[in-house]
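Going in written order, the chains are labelled A, B, C and D, and every chain counts its residues from 1.
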Amino acid sequence: MHAVLRMCCPDRAGIVAELSNFIFRNRGNIVHLDQHVDAEANVFFARIEWMLEDFLVPRTGIQNAVDDLVRPFDPTFLGLDFTDRKPRVAIFVSKASHCLYDLLVRRDSGELDIEIPLIVSNHETLRADADKFEVPFHHVPISPSTKETQEEEELRLLDEHDVDTVVLARYMQILSDGFLDRCGASIINIHHSFLPAFVGAKPYHQAYERGVKIIGATSHYVTPELDQGPIIEQDVIRVSHRDSIDDFVRHGRDLERIVLARAVWHHVRHRILTYNNKTVVF
Amino acid sequence: MHAVLRMCCPDRAGIVAELSNFIFRNRGNIVHLDQHVDAEANVFFARIEWMLEDFLVPRTGIQNAVDDLVRPFDPTFLGLDFTDRKPRVAIFVSKASHCLYDLLVRRDSGELDIEIPLIVSNHETLRADADKFEVPFHHVPISPSTKETQEEEELRLLDEHDVDTVVLARYMQILSDGFLDRCGASIINIHHSFLPAFVGAKPYHQAYERGVKIIGATSHYVTPELDQGPIIEQDVIRVSHRDSIDDFVRHGRDLERIVLARAVWHHVRHRILTYNNKTVVF
Amino acid sequence: MHAVLRMCCPDRAGIVAELSNFIFRNRGNIVHLDQHVDAEANVFFARIEWMLEDFLVPRTGIQNAVDDLVRPFDPTFLGLDFTDRKPRVAIFVSKASHCLYDLLVRRDSGELDIEIPLIVSNHETLRADADKFEVPFHHVPISPSTKETQEEEELRLLDEHDVDTVVLARYMQILSDGFLDRCGASIINIHHSFLPAFVGAKPYHQAYERGVKIIGATSHYVTPELDQGPIIEQDVIRVSHRDSIDDFVRHGRDLERIVLARAVWHHVRHRILTYNNKTVVF
Amino acid sequence: MHAVLRMCCPDRAGIVAELSNFIFRNRGNIVHLDQHVDAEANVFFARIEWMLEDFLVPRTGIQNAVDDLVRPFDPTFLGLDFTDRKPRVAIFVSKASHCLYDLLVRRDSGELDIEIPLIVSNHETLRADADKFEVPFHHVPISPSTKETQEEEELRLLDEHDVDTVVLARYMQILSDGFLDRCGASIINIHHSFLPAFVGAKPYHQAYERGVKIIGATSHYVTPELDQGPIIEQDVIRVSHRDSIDDFVRHGRDLERIVLARAVWHHVRHRILTYNNKTVVF
């Protein structure tokens, strides 16, 4: 079992020495150490993963020990996770099944070492698909007049199932600011364009209209501004005048699945740090 | 020697049969035939390249014969070119040399089978580089107050040298609408972003600020709206948090050179058709 | 409903004119026309897809009419297909589920317009997965001593279900020459390397050992020589020293799924022609 | 000015702590720290770059201090470099100019912060190109009978010009084992295929013959076995049946230039470690 420490703080000399000393003198064995300095923003980032076997600090005391250790560095972010706790991920969908299947198959194959306690949808369309994988499916229909109460219901479900990550797997609803304020979980979205190009609705149609020669997909954390959150992962594919909008959509589905899966993979392995509306992905 | 016919017209049955029959019955041998239908816009596109050896229509009569042939199709565009006429390309630059070198080396190697009768720049910076390749270098400095007269001078130079294509190889000036109206030549620009993301100035800085995971370059025909013309070619490269703006710029230079070179290559081989602010690149 | 004609013959003047005239004068409307000449090998390739609505030749007579039409060109290959007949595809698997799921999901979404009448496997592992999609699953275990009789059984199943395409979706058995001789269906394989690099077993391990910076996957038609058949599609992904063999395998699964799906998509749309152990993919 | 330490040793706990402590307690400021563990091979790799301003160990004493520091770790490789010493790079060419121009332009733009004291060629072809950039050009023609003495001459030139890196920029001669044994410089080659596919001569022709859908280029350190040395960088581009061998070669030139330039860039920044015939590129 491993511990994973992520930290973000103002850059100064000696941080790596301090962190690695702490682990070394407590007989932890560092498996991965990644550090990065954004010289322009003067911010230091680190992710250290070490084995807890033989570690002198008992597991229940590690959080306190780490707090004491990093306090002098004034961290703007500190995360401590243990790899024996599986992230609990809720998947929100509408009618498109490709991203949902993709995540479920990756869970079953063990590629994504996560629990998926529930699927939430504003449509009934994918209930049978959820059933195939024996994941509880909650139909929470949304209309302008019901949005507020229905988001209450969604928040209640997330709370009840102790969810720490929400994945919007082509969920076609915009979450209200109130939802975002109150939702303690991280929220990951897949947008079917190469952001910041083609924000908003029907990006493949926008791309087709503009005559681009490459289309893309973008996975990002959700923030109140639509499609403006920190980008986690992007990928693209070449298209030509021979490709119709249907071809854009078909190629795009593959991009969406892969880009979203990579983003979720990094997220649930505690490999991402965010700052200044950007991500560091170790 | 080959003839190259490009045509764009409303789609209807029998166009390919008509065009290929014309060439066949006159003993032309088709080397390349490409056709495309935009089913949504109901537009037909064709490019046919055939050998003129043994062709029964004398060269001087081909234009008329083709005009007669295609008239019934109401073409919205018709181009007839002969491969023994080298395109005459003017290169406009400012201070960055990488695209200029790239084009000159490709001309020298024969990859680009073109004449480059002149280089125009608003700075003296690259004169020595032009000299290395023995291409006349014209310094046409531009300031807000001199822009109009200086663009006159540029138009005069293009006319004097019988230029049919202007390549803006990181030329950092915006051409006035008047220039565009009066310039008979096609104008190809390289923009250092994945358009339509990051229109305008300092796109690498914009990309860095936004935290994208992929950067790109775009070559397009110039139209009055800045960076909005028909896209000819795009390419991208993956970046990460480890890349500084300088790294973006460094990787970007390679993208710019290659994307521009590919666009020019297709253009001077008469492989591009434009419609609805988009391109068909055969 | 459309007809799709594919033809391959020695190159000479007038073939396109002849083919397009035939369709035009019978009031067919050409939807797609692709032609290609391999100038080095002097081979002409064409694929024409046209609407049968209003076509003057009755459907039952089209094959004869086409035979008569193309006879003078001495075609080395001639294919005539109708888009209202769904290709019947058998999927062969072993223990890995990712390509199987991928194909089944694409069938269900309508992206692949095919019938999958059966899944064949030398292991029981994926029976439950097949059941989810209600596709009959046939366990045909293979050992060196039983291979001959078991391949008989496989051939019988293919015949019984009128299969025209076999997809080896990570089927880890090598088909005998006898099987290949007698199997009338096209056989498509996915190999988990960028062929011709890393032929044979454990290609990701070979790639890791060699220290490559990019890994790939290759879909090809199966021929008697292992991993030497005509390549239909390839794709790659960048790796680094940070990637373990497990990471290679994980990234590779995504490549395999997408490359195989694209190959099957082109195949079942009758877009592929083979010659000289290569493919033309229109 | 920075110092750059690269080290490779058997993995064990505490190495990062020891290295970073050394720099911290001597008031060096770490600019980049990269470490990697090959868990399978049990090898630890590090690259640390730190500022020498305010560093307590005088520059002339750093090598000794570092030697003492790392001795307990039994390093299998140790490199210490200072960024104020420009790498001295000899370029070997034959007749193709594209890689040569590329490297010279990158030197002139400052992207490659190197000295190029000489160009060596077995042909006179590129003398004028070398002259444009005012780099001494040495014609050392090679025939089977003269190879031994001519390689002597090449070694003498490298020694005379204090060269530490030789770049084979499409140098079409195979260096003898004797040359490799005696040449103290690192030797970087660009091979015009996606190694290990298409080793040896005419790789684009081999690729065309095999019908691949993607072609590549590979830059690697030269070892006695042809095209088998540690791979530094690779890149690829998609091709289709429409591309002739000439198109392969044309696209390939761009790959070669970029792949070689990236390899040289990493090499001269002391970012590469080799082990087990592989590279770690930090």
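Here, a contact is a pair of C-beta atoms (placed from the backbone, for glycine too) under 8 Å apart; a residue touches a chain by one contact, two chains touch by 3 or more.
All of these numbers come straight from a predicted model, not from anything done at the bench.
Interface residue usage between chain A and chain D, two copies of one sequence, is largely shared: over half of the residue numbers at the contact are used by both copies. With centres defined by CA atoms alone, the chain at the far end from chain D is C. Taking each chain's centre as the mean of its C-alpha atoms, chain C lies 41 Å from chain D.
Inter-chain spacing, taken between the CA centroids of chain B and chain D, is 36 Å. Counting partners per residue, chain C has 39 as the residues that reach two or more other chains.
Contacts from chain D toward chain A in the complex involve residues 13-14, 16-17, 20-21, 23-24, 27-33, 35, 37, 39, 238.
Within the complex formed with chain B, the residues of chain A that make contact are 36, 38-40, 45, 194-198, 210-214, 216, 230-236, 240-242, 244-245, 276-281.
Of all residues in chain A, those touching chain C in their complex are 97-98, 101, 105, 108-109, 111, 132, 250, 253-254, 258, 261.
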